[in-house]
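Common to both upcoming complexes is chain A, partnered first by chain B, then by chain C.
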Partner chain A sequence: MAHEPEEDFRSGLMTAGLLIATEVDGIYLRSGTFESVARAIDVLVSAAGSDQNAEVLHLPAVMPRSVLEQSAYIRAFPDLVGSVNTFEGNDALHIEILRRLERGEDWAELFGRSDVVLCSAACHLVYPTCRGRLPEGGRRFEVFGQCFRHEPSLDPARMQAFRMHEFVYVGDAEGAVAHRDAWLERAAQLLGGLGLPVTAVLASDPFFGRAGKLLSANQRAEALKHEVVTSVQPGEGPVAVASSNCHLDHFGRAFGIESADGTVAHSACVGFGTERIVLALLAAHGLDPVCWPSNVRDQLWPSRT
Partner chain B sequence: MTDEIRRVVAQHGRLSVPMSQVADDDDLYFAGMTSHASVSMLIALEEAFGLEFPEEMLRQSTFQSVNSIAAALDVLIEDKKAAELGPRT
Partner chain C sequence: MAHEPEEDFRSGLMTAGLLIATEVDGIYLRSGTFESVARAIDVLVSAAGSDQNAEVLHLPAVMPRSVLEQSAYIRAFPDLVGSVNTFEGNDALHIEILRRLERGEDWAELFGRSDVVLCSAACHLVYPTCRGRLPEGGRRFEVFGQCFRHEPSLDPARMQAFRMHEFVYVGDAEGAVAHRDAWLERAAQLLGGLGLPVTAVLASDPFFGRAGKLLSANQRAEALKHEVVTSVQPGEGPVAVASSNCHLDHFGRAFGIESADGTVAHSACVGFGTERIVLALLAAHGLDPVCWPSNVRDQLWPSRT
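Showing the complex of A and B:
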């Protein structure tokens, strides 16, 4: 039987040792080579935003449950959410867990809900820090986040755990649109400059269910979300490697943020999918970064030339 | 029907102006209805009228105004009646 292109790229990554699969689809260990590219991309993305005077934030992999509820992410993407459960029992419950483990039975239901959930998007943790009145000109953040989305897949470009490198703006409506538009262009230029065949397209989020159809239609009608897409595997559809989004006053309302003039704040963010960019580069230039075109290597590792 | 729609919009639309100031052909999104509020309204309308909006109606224009909602509901009510009567022989 002929291999699917997806399987060929995936098995190539495995054979080269760039990714090591686990027994759960979409959860991988990454090699030093993979990470050296990821770090170089982070440096390049940071440099692209060096004029932003952004506050740099490195985020944990989990966030307060209340942020998920206030952001309305749980309303729009219940299927993607990962909620953390923890053990708060006594000796008797511990013994019960041991018994169940022995019998191969489900022990997880004995765990209770905790105060934290896995981060679904990097920027969500930023908004609660902006509550109240913003300074003139708003605030800008550079955010390094770790994300989880429950969508198990064999496609290496659809990992369940991945990183997102974002530039976030919180301020007025005009500033938010300008941020989204400027970064869409910057992202396309940056990624195109690395030899990736990229296109900027109007997009919508995969909101859940029938209600989600309406959310997607509204998002498209208002042209709020744009993506920079590229091909990761021959014969497969395009994959988003960056997305630039305007949230209108959604997070401003949700987290009680006012722009300098006292109106509800608007926000926008651009997110670079670190792992996906590495994969796109590996797909475009080959599985050994040492052999990549010199103009690509020079941009990623300027000190080595 | 319009009164019932206005009641649902007032309760779920989270408009930034009082419902009394909203005419039946006014743009509800312009009146401050967010995308998430339109979803709450969609669910409330389905409950109130015992109907389900088909996928092709799940778009911004359907929920743009009290009148556009009424027009959509008219179509759905007619379809429901026709289905209940069954095929004519």
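Showing the complex of A and C:
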């Protein structure tokens, strides 16, 4: 196997103890140091949205299966979804599980579909709480979410389990576009201010399959999704560290949400990828946060300076 | 339906906006206020273990399937496990998913067993990182874990997705017993100091099925598991808010861990149930943390006083 530049960064993270790999690609344990950076970023992002009077929501790692279906995420990204199965059996079926474990056979097929799935995107759980008529001005949420995306990779910037810190707007069409545009600028400013070489670019989602190519092209043509990208590893392509999206009335229709004037609500969200921002900072400033430039440290840990 | 006392507490939590229910019992969104208490408890628990020189580990919500199998958790608690299935299909199978969604049919059975499952207990992911010979004195870990247990319930103290903050010891037999006993006392002191009426009791795990009854009885006879329990709702039974357990050489054998003298390692862990502690505090001191007794507030938010 050729010696890839991403292997250098990855093995550096492991050697420094910042991440501990498991036997499944993209699933890591994180160190206290890694988390202290993640926590500091969360505080900075919250501060950047302190003018939003947002309702704060912390999400569980799983959500009702119906939310996945209603959001249409399962239609667009079936390959990324984690569907949770559980055991509803009795003693006899338990004995069969034990027998299969003994022989190294598949016990999981004795499990049946549960009513939950892994959260695919932080904001999806928010929309069902908005059903009905919105107040004048819409609603704003600050969301701490945990996501799962089934895309095993050795690239540490492509974890299967990761966090997303979002600001979500649900209201009218004009407000949604304004939210997306304002936050694209804020995100670029915040991340650029931490010494990351960032660029705002037009983007699209990796919709599944042949039909997905058309959806991606439409999304790009309508300029709905923008990303703040940066370089995490020399010689590698840019990685999105934040994403600001307008959903038009997609979620308003899907979850029965009306704006104050009775029309179908529009929505927009900005998502900061917590783990990716930590990794980008480690790549830009070195693997020991104690040695980061003081202007970066002062922003992340103001009280300690 | 009779008006249960737990309904009062539950609906109080909802009305106060501390928790937002979803359509799946035991899956909640949590408010910023709820989380500020959870965060403060984490800081207090960390401080209680500051003498441990523990390696800090933050866990993802999913873990390798092999860890579930090797830990034998799947043998003992199949009914609590969440097994993750994913889609490895092509365009044709995608079209079949869309067809089934259209008709309200089961699309999840087109998904196959993945190599991950939801984390069942925080410490399980720690043991695979200890394979081989331990240093003199063993190793100590402070673990921030996320757990899933399939036990749908309307009781807010029985969430399906919740956090566990653990201190884990892996070393020799004597050290494991000492860890369990020391932490049982520390946990009772810490939680009692927050004004919770706590008791330390002998306990056992809810092993599955007919064979499970024997395992529970053995565990109790060997006095391996102790819990710190408190009352969350008047008229309801006590709820465990912390649990201190000695595993003997169960995990040492399962994951090939040797103590410094070459014998199979023993382990012990104490786990604090973050959400349950928040709920117990809300039950004891009222639904608005701003109005909690000042000696409780001073401990949880020392810098603000």
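Everything that follows uses one rule, which is that the second predicted complex is superposed on the first by the 303 of 305 C-alpha atoms of A that agree within 3 Å, B and C clash if a C-alpha of one lies under 4 Å from a C-alpha of the other, contacts with A are read in each partner's own complex, and residues count from 1 in each chain.
Everything that follows uses one rule, which is that contacts are C-beta pairs under 8 Å (C-beta built on N, C-alpha and C of every residue); 3 or more make two chains touch, one makes a residue touch a chain.
All figures in this text were calculated on a predicted structure; none of them were measured in a lab.
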Which superposed partner A:His250 touches (first chain B, second chain C, both, neither): first
Partner chain(s) touched by A:Arg75 [first = chain B, second = chain C, both, neither]: both
Contacts of A:Ala161 with chain B and chain C, given as first, second, both or neither: second
Touching partner for A:Arg133 - first (chain B), second (chain C), both, neither: neither
Chain A residues touched - chain C or chain B, whichever exceeds: C
Contacts of A:Ala217 with chain B and chain C, given as first, second, both or neither: first
Chain B versus chain C as contact partner of A:Arg99, first or second or both or neither: neither
On chain A, positions contacted by chain B and by chain C: 75, 210-211
Residue ranges of chain B in contact with chain A within the complex: 34-36, 38-39, 42-43, 53, 55, 58-60, 63
Chain A-facing residues of chain C, complex: 20, 22-24, 27-32, 34-35, 55-67, 69, 74-75, 78-79, 81-91, 94, 97-98, 101, 106-109, 111, 113-116, 118, 125, 128-129, 142, 144, 146, 148, 150, 159-161, 208-211
List of chain A residues in touch with chain B within their complex: 72, 75-76, 210-211, 213-215, 217-219, 221-222, 248, 250, 253
